[in-house]
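Shared chain: chain A. Partners: chain B in the first complex, chain C in the second.
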Partner chain A sequence: MSDTSTQRQGRSLAGLIPSIDFSAPRHRAKFGYLLLAPAVLLMAGIIVYPILLSVNISLQDVRIARVGATGEPWTLKNYAWLFGSSEFWHAIWVTFKLVAVVGGLSVVIGFATAMLVNQKFRGRTAVRLFVALPWAVPEVVATVIWAWMLDSSFGVVNWSLLKLGFVAEPIQFASNPGAAFAAVCFVMIWKGYPLMSIMLLAGLQSIPEEQIQAAKVDGAGPWQRFFYITMPNMLPVVGVTLVMTTLWVFRDFAIIHVLTQGGPIGATTTLSILTFEQSFEFFRMGQGATVGVITMIFCAIISRALVGRMAKSVH
Partner chain B sequence: MEKRSPLATFGLYAAAISACAILLFPIYWMIVTALQPATNLRSYPPQFWPAAPQWNVFGDILAKHPYAMWFMNSILIALATMIMSLAVSILAAYALSRFRLKGGTGLGLFILTSKMLPATLMIIPLFAIFKSVGLVGSLWSVVIAQATLIVPFCTWMLKGYFDTIPPELEQAALVDGCSPLGTIFRIVLPVAAPGLAATALYAFVVSWSDFLFGRTFLTTNDENWTLQMGIASLKGEFVTEWNVIMAGSLMASVPIIIVYLFLERFLVGGLAAGSEK
Partner chain C sequence: MATVEFEHIKKNYGGVEAISDFNLHIEDGEFCVFVGPSGCGKSTALKMLAGLEATSGGTIQIGGRDVTELGPGKRDIAMVFQNYALYPHMSVRKNIGFGLKMAGMPADAINSRVEEAARVLELTPYLDRKPRALSGGQRQRVALGRAIVREPKAFLMDEPLSNLDAKLRVQTRSEIVKLQKRLGVTTIYVTHDQTEALTMADKIVVMRGGLIQQIGSAEDLFHSPKNIFVAGFIGSPGMNFFHGRVETGARGPVTRFGGQEIALPDHCASVVGRDMVFGIRPEHIRVGDSGPHVGLSLVENLGTEKILHFHTPGENVLELDRTVMANDEERDAQTMLIRVIDDHRYNDGDTLSLAFPVDKIHVFHPDTHEVAR
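Up next is the complex of A and B:
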């Protein structure tokens, strides 16, 4: 015993911090705090301080925010502007519409994909790999591919719709508000379903095999097994994936900015796009920060459901 | 496992093949378009197979645009973000996983919540901060800004992996005279290698795909742009040369797709958290 302790002493003397022996039980906690320190300092500097700063900016009538300069006096002008502006209410409406369409459709596609690749067949590994591939394609790349496919004159989507007789003339995805909204949905669903199907697949695989076998023995058909065993088991996972998709749609910027820039006439301006537009295109950072703070509050409320669930796994 | 009827087997393969075909068509279309001569793209019907592939489009884009610079910037930013975030996250995740620290739970919750912050809000104060320290226009501004999203998630992911490793291994190493920091690097990290790879992949993919931070902090000089900004700017040009844009997009997605193909099983395994049989 005395051998190992002198050896330990020697090691720690040669180590990073010579004065304290962190392997001794009474110093273990100190070592833990030391390991946490870089992360805590980093997050204080680049997350906590900026959040406080943005609330501060949202309470000032400023065009370009600065640090260190004597701030403008606090005022609720920006919030008054926000709740009185039709743009803001419209952006909320667009955001919720987008959440409903993208969330709803990608859960359906993701679920179908997960059910498919959960079957046992040859080449399943390759299929799993391929159907999740859009996750790795950068958002801007996904957006320009779809912009080209949805081109009103030479796009392949309009060509096939015309060929199949679904439409009489090409759809103007760039200038028609409804079509532009649909275009954003296409890109978001294509980019968003892979993660959903990966998570749903994990959920499917965690359903106890015995339950399914027992149902089979009792004579339950495939549909009954789906509705009485698969669905109840999957509801929590579906809930988590829906919350994650909602948060993603709320915060996403690149897809909409590159595809439509929030247009035409604000048809695709979500809260994120409005925040950016106010701050970095009209240079009204006070107003932009106000929209952002409201978006953050929305995200916090939505994520409560998720955090509550995940918090159980903190221990 | 019961036997499937031939019809069911056929249906399954048909479904699997058509799902792949539909879901992967946009990627196929990017490749085909990149290789078409520009004149073919303005003709009806669209050509689904490049009869005479034009390979010089890749040379053209390098000659006409600072594409090589954009590529270099993207690589530098992604690597720096990955290394920096992992270094910080490994230590924090290990501490959260192994020590019962005062405020540890609170910190864990904070980490979870900050993953959900809207980045469009964060860029306003970050812009003000970077402006005051002269970082606007520097690649470091993007690296630091990305840490706001990546560090919390990496910490969370790594904590999950560390939790699955039995602490007895480290205790044995400590008894044998290994230093506490040494146990992390010599014992824990090698065992957690798959999880580490998945986390690194996640950090790299997120960083490589960034558009917002680059668009906000690097706008001044097009030599400072990242690939994503460059591609977006090509789309905004007056005459849209789709074959050039698709060639640029293809080159921007190839590195990430290769990384993905190699590391996918670790990532999916990580998200599925050991439910693979």
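Up next is the complex of A and C:
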């Protein structure tokens, strides 16, 4: 850009925001705020407003909420219903079970695969691609495929189990509560572990090679190197990964909805499924919004606790 | 305590030969330095000794035991890394004691050994800190502590001073030498800095392109370099080189420098009529009353000493492959240096007469780069 055009631009900017030199130390921060403003406004519009809206709805005794309609008077009726309802406590129990099983296993599997593809071997790129594949498939597409494979009448999973003699009759993934929960866990782990693996691989690659070499010279075997060097170095990354999995499992809707619709008899009804049921199946939007608000509070507490812990353990 | 022996060691990466036929014997308690420009194979040689890299051929012995097929933990060596490689999540105490813990030593025995090592290295006040709360020099001492506490057969050090600032480097250099003398442990030290090599080593191994160029003491390398590379690499500023034809003068062999005769060592009588490469160190050129005249192009005053630059006479300019002169980046073949310590005031453009003492002139074959004797 030539000098004259820079000057011209400077003059026209000066016309808009009179006499502030943003390169001056005193004004530098202001320019930052100016750049952030559009993003902040956008977030306020698409994140903060809906949150406030759902808090508002949760405080009203409405069946179908209409934006712009004259609001009902605020009441705690929905919350009273919620804490007295066995459905809600059951959904919390199911959600935490799911978080524990899916979160735990996908971190373990993700860690193992990350360690595997962190080794140097022929065809490593192909294996890395293969590990990441489930993550790349759209969630609904993947779940529909799994729903078909897990079908009790013509699913390939039952067919294989029968042929191999592991089961005597087909497993009823749709009607057996235990089997349905296991199927949801399995598909969620299948879908969720690749991201864990990718993040943990990045963490593994950031461990200085010389630390591992120093441990080798110090006489540490493979297990000792894992427990004394790799694990402590990885704790911050594992922390972030756990937060992400936990929040994902808490909020995920598509997999359960497509696979089991929360059934049978509520065996896979998590908080997000319950929100949907109340709002769009039973059309009690006030109660649905209440479940949503409680879910949000849980998520906020969990992420705060884990992020805080993790920040402390960063070296 | 142990001797270290490399026998016909080779290392290939794919088709590329990084080290070929590396033979070296290091005496018990000796301080041996591998020195050379980057990519010369010195770190690879050290890593093969440590067991961190596999050899492609040959055997390595430590204390008379063949360790070629053993892992790093079974070779009874300790290593100090360039970036210290401390374990960031462990306290200084645990860092130093880690090797002993891996060896299965009881906790109280580890503790007394660690305290002793910390006392030697003046680290006692820092034992319960994490490495991140230490300065660079202190971290370096922790890395040394981790090595000495194990009482290994040999210390391996991979450019341990290169992350320290200049002043601390000089200080730590002498501390390492004193420590090594006191403990008497065979030490193999890798550096690209020839000053470190000259000041620390009992034995220096100069390497280039995966080949040993010369093995010897600092004296040997400085006064009797075997080839142009060693001559140029050792010493700072590096040796001056020029080329010329050997002729027969009135009192023996001579060559011409800027048109004037310069006397050469007697052994040059055997190469009369041939073009040779001549080398002379900047501190050996004498400023006198007679001899070739040169005009100074630059005078660098360093306080005690002065470095005088002058252009090599056109017919004497030596065209050498840059890689041969890897140590001397600021140097070009057209310029020669004189290092003087005197009270005379030199100015750019002054004309001086130079004398080249005959016993300080090194003569090399231009094709093989080997010294002519």
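Simple rule for what comes next: the second predicted complex is superposed on the first by the 268 of 315 C-alpha atoms of A that agree within 3 Å, B and C clash if a C-alpha of one lies under 4 Å from a C-alpha of the other, contacts with A are read in each partner's own complex, and residues count from 1 in each chain.
Quick note on the criterion: a residue touches a chain if its C-beta (ideal position, glycine included) is under 8 Å from a C-beta of that chain, and two chains touch if they have at least 3 such contacts.
Predicted, not measured: the structure shown is a model, and the values here were computed from it.
J.: Once the two structures are overlaid on chain A, check if chain B and chain C clash or fit side by side.
T.: Aligned on chain A, chain B and chain C fit with no clash.
J.: Give one of first, second, both or neither to describe whether A:215 is in contact with chain B, with chain C, with both, or with none.
T.: In the superposition, A:215 contacts chain C only.
J.: Decide which partner touches more residues of chain A, taking chain B and chain C as the two options.
T.: Residues of chain A touched, chain B against chain C: more for B.
J.: Considering only touches as defined above, state whether A:179 meets chain B (first), chain C (second), both or neither.
T.: Neither: A:179 stays clear of chain B and chain C.
J.: State whether A:161 touches chain B only (first), chain C only (second), both chains, or neither.
T.: Once the two structures are laid over each other on A, A:161 reaches no partner at all.
J.: With both complexes overlaid on chain A, does A:229 touch chain B (first), chain C (second), both or neither?
T.: A:229 sits against chain C, while chain B stays out of touch.
J.: Give, as a whole number of angstrom, the minimum Cα separation of chain B and chain C in the superposed three-chain arrangement.
T.: 5
J.: Could you pull out which residues of chain A sit against chain B in one structure and against chain C in the other?
T.: Residues 315, which sit in both footprints.
J.: For chain A, which residues are in contact with chain B within the complex?
T.: 4, 7-8, 11-12, 15-16, 22-23, 28-29, 31-33, 35-36, 38-40, 42-43, 46-47, 49-51, 53-54, 57, 65-68, 112-113, 116-117, 119-121, 123-124, 127-149, 151, 153-154, 156, 159, 163, 190, 193, 195, 198-199, 201-202, 205-206, 247, 250-251, 253-254, 257-258, 271-273, 275-276, 279-280, 285, 288-289, 292-293, 295-296, 299-300, 302-303, 306-307, 310-311, 314-315
J.: Enumerate the contact residues on chain C facing chain A in the complex.
T.: Checking each residue of chain C against chain A gives 50-52, 71-74, 77-79, 81-83, 85-90, 98-99, 102-103, 130, 132, 146, 150, 156.
J.: Hey, which residues of chain B end up touching chain A in the complex?
T.: Residue list for chain B touching chain A: 1, 9, 12-13, 15-16, 19-20, 23-24, 26-27, 29-30, 33, 41-46, 87-89, 91-92, 94-96, 98-99, 101, 105, 107-114, 116-129, 131-132, 144-145, 147-148, 151-152, 155, 174-182, 205, 208-209, 211-212, 215-216, 227-228, 231-232, 234-235, 242, 245-246, 249, 252-253, 256-257, 259-261, 264, 268, 271-273, 275-277.
J.: Taking the touch rule as given, give the residues of chain A at its contact with chain C in the complex, in rising order.
T.: Against chain C, the touching part of chain A is residues 208, 210-211, 213-221, 224, 228-229, 232-233, 315.
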